[in-house]
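For reference, the structure discussed in these notes is given below.
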């Protein structure tokens, strides 16, 4: 249930509604918007059956929320969420551009790539320190030393650091270095991890699960939001289908769908979404045209010798630079900026 | 196998190679390109094992074709195929825009919609006379009278007519009215129908099967091409996945994939690809940005009263008009025109 | 809508209800069961809004049918349908066992295999004369001569002939030789073909489409039933999923599902359902244990030299013989017979 | 790579090969089988390029393993793995039968159900204490108190306890109460959790991920095995496909596939595999007929009032009892026992 307050409601009136709801054993989250203030009631609303909320001062009306997510829904929060990360914004008019290698391999590598992509216009450097790998004998990332290399790249370029966290215990460690947490496709329903990044508070990129519905994805976001962290960025990265020509099927339908259902920003990963270098530019452009709030793209200066086998989907720095130029024109055509 | 001829090869030399191949019981198709002439050998190439093709005059080399399709492959035909339909081109710099209702309902309806969409810049009117319906009790289309209504709309607007044909027997009838045949998703592997439109000769829009791989789709195109009809337009219209929020999952990865593998034009149907009116504009723009050669979009002035239940995905004429304006800017950004 | 008649209803009363319904422009099908007589009303039931059917003599009540299929539904026809084919029954206590090669290659081959499988206990020989092939350059079957070879095999063994028909035009020709039509997975929604076998009248095995839902499959059956042919046998043959280790994913859930939703018999094809010879016996046993009414299995004495590449999934005659012995025990355990 | 030792190899010879391999920086696992001893080399085999392993005493030959899993492969370990849990065996001639409610709700509930299922012949009680739920507002399980209730049920019935663990940190806690860990479908690729249960050592039921290939599943098992825990039981529980009539598509093809590729036992969960109570018995029988080593089935005496909404797929105790009787006959038919 959400409680929609009247225009001109006072802080005191809001506080009274909140207290009354807490007294019934429920939690609340209050969203003060430009047009109206909405209080989301979290928990079993039948606990409120004896509480005449609608007759309280300042209350316009109450509304059941049919979607099983609340805080993530556009109904609860009408305006787009815009997330600030050291001056860069995600979800506003300007697109958020994130680029970098699959895995951090050494300081020279990550700094070199960071310098390339910042010159092309990226605001974020991505790179894996902890790598979830399908088999136990594959390279699993360098861990904390790789986080330090990312910090060095940040110092040298001013780029914000995006990197993956895989377990609740490592949230603290990764949080010391990352500006934005990345939750990978295999962890979209790792509920203890969702709760932990929810409690930690830094912005979180939540990649869509390999075969997750849009509703399950928004429910996973709800886990983070319900712990008090409002800064969730959804990332479409391709779903698993019967088609094997491409590594995954990039589901760009998810972009207008998320925009309709939710206020959260959505970015797109055309590298994993195709798995094929030569298809990345086309799908990056398509994502921006569809209304995505940003892109996360794999870039490597020597992909044939990268450590994870994902080199086949990495752009060369020159390709990335050229792509950024094309993207600027597409962005303009849909009233966005890079 | 393809036989690649030397630069400066003479027609006589080509003819001799062709005759030698025929003598071995095989069929050929010759493709005279700007840069080189290629002869595709169709059938079991082991029949040529005793024929020293490579030492014949004018032959540069022979090459096995690993893809199971030949005529549809970019290897066989390097330049993009451009198809002309009464002055409109499909596959060239200008995008082909097709619009109209799901089903032709009456003359007034189809003419009215045709006038709307021609004003907005469409070159083709689409509308179903024969409708493949999941259940036997649903409206199955008005048949030949509907074809006549389409012809009236053509006369009044100059639009070219795109309409579906469902059986080999009806190819002749539909061919009397249509400028372009449409083969629906359920008929992508209706092989006798593929052969029949291949023999008839008019351009064919071949919609991707609901769960067809890109390879199967190109093999279906190969059926048409191998009958001598080179004018096949592929149409991505969404595939079936586990996601139920949208009617289908529009697989725009297919656009760069087809462009790489084949020389045939590819258009996109964002109406069936999403099944939701409000998502159509975003995905139409994404398709153009991804490099599609055109779009086919459902437009209806009174979708709530349309006869097939597909009204929920039809744009209103005003929405289509507005979309066309946005598409022009996207087209410019990717060096195309509308 | 279905009209449920009272116990003890007279033929005259039934006739009056039928006439009244016809007068409203609707079609009917009457099903006289042991426990009750049901009249299915086919078409838009709003045409009956002014006809007080429920107050007519002999009518117990009317009932909307929520499933979009009617004649195929268990609600309309409570008892299992049992289909007789020259003395063999499909849908009764005894399981229907069908076996044979993918394609008919020559008389010696088909007669030899027929003799093997009849000895092992099969009642039906299967073999393709018209083969739907993904690519145009693959072997497409020998056509009518192959039908004659099947007839020879029937004469020599007494087995009933099951063979595929691909177009409405060929229904007459194939019907001269076949005891049971097979409609392949790619033709499950070839609606003109469904109607034509519906009009012809011989029993039809309707294979599930590669990515068809159970509801779409029953609606395809409804096309055949609605033309007056009650003898439809559903065949689960594997669906397309993301899993590539097996050729298809055999969906045995479909067996109890079809048994609940419909009265039609359902058989299972473990050969296409797995695509791997060594998995066929396990899945044949599983199908019988799940309640299937029969099996259709590929058997070839020289699969490595078969003409269609499906040899990898064909059992050797000895393996088939051994499997039949195991199946007898499973059948007994679920109160069936072979 | 695996090193296959000669018949009659001595322990000393084995030890020398192992030490030589370790000296090259690689890990090994030695499998002493009845017919031959095999040493699996774990890590990058190029480290052995200067080590003439094949000429060492006792070595028959070395063999690359093409499957990306080694310890899980049938090539490495020819005989079926049989796992003992307090006297019950999983993977031997006798089938392992596990039953119980989705979630542990209170002591009375779990003891009552345990008494029912032990009488019917089950050897394991299942029940969730920690529940992974799609949304944050759903019941998440009672945690440790529920583990204590399971222990009480064990004391009163002798049943072994199967329960889910969701995070690496909770492995110790759950391990104090569980006889067998269950890893749920969403955690199949939670690699830190796989490693932790690998180090802990108790048997682990590894449910197949919702859209995992068989290869990915065996690689997930390899994570556990590579930490030194050989007791992994695979559990097929249905995969996600386009079909929505059933909750999941139970992929019984996985049973013969796993039996061919691996030596690990495989059980089947027909409750989640169908999501529909009335389909569970058919699919339980099918699973046993296909060769599964056991079943895990939801049973609840009052499913309409269960706490997780999974009641719709739970059998009543009477239904479970009746099913067990049928299963005994199927088991006999495939040379197994219950």
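The first chain written gets the first letter, and so on, giving A, B, C and D; residue counts start at 1 in each chain.
Convention: contacts are C-beta pairs under 8 Å (C-beta built on N, C-alpha and C of every residue); 3 or more make two chains touch, one makes a residue touch a chain.
A quick note: this is a predicted structure, and the numbers were derived from the prediction, not measured.
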Task: Chain whose average C-alpha position is farthest from subunit B's own - done: D
- [ ] State the pair with the higher C-beta contact count; candidates are A-C and C-D.
- [x] C-D
TODO: Call it same or different for subunit A and subunit D: same when shared residue numbers make up over half of all numbers used at their interface.
DONE: same
Open item on the list: Please tell me the distance, in whole Å, between the geometric centres of subunit C and subunit D computed from their C-alpha atoms.
Closed with: 37
- [ ] Could you put a whole-Å number on the gap between the CA centroids of subunit A and subunit C?
- [x] 49
Open item on the list: Going by the contact rule already set, what residues in subunit D reach two or more other chains?
Closed with: 211, 240-242, 244
Open item on the list: Touching residues of subunit B toward subunit A in the complex: what are they?
Closed with: 211, 213-215, 239, 241-246, 249-253, 255-257, 259-260, 273-274, 276, 278-279, 282-283, 285-291, 326, 329-330, 332-334
Task: Sites on subunit C touched by subunit A in the complex - done: 211, 240-242, 244
Open item on the list: Touching residues of subunit B toward subunit C in the complex: what are they?
Closed with: 42-43, 68-69, 132-137, 166-169, 186-187, 189-192, 195, 210-211, 216, 219, 222-223, 226, 240
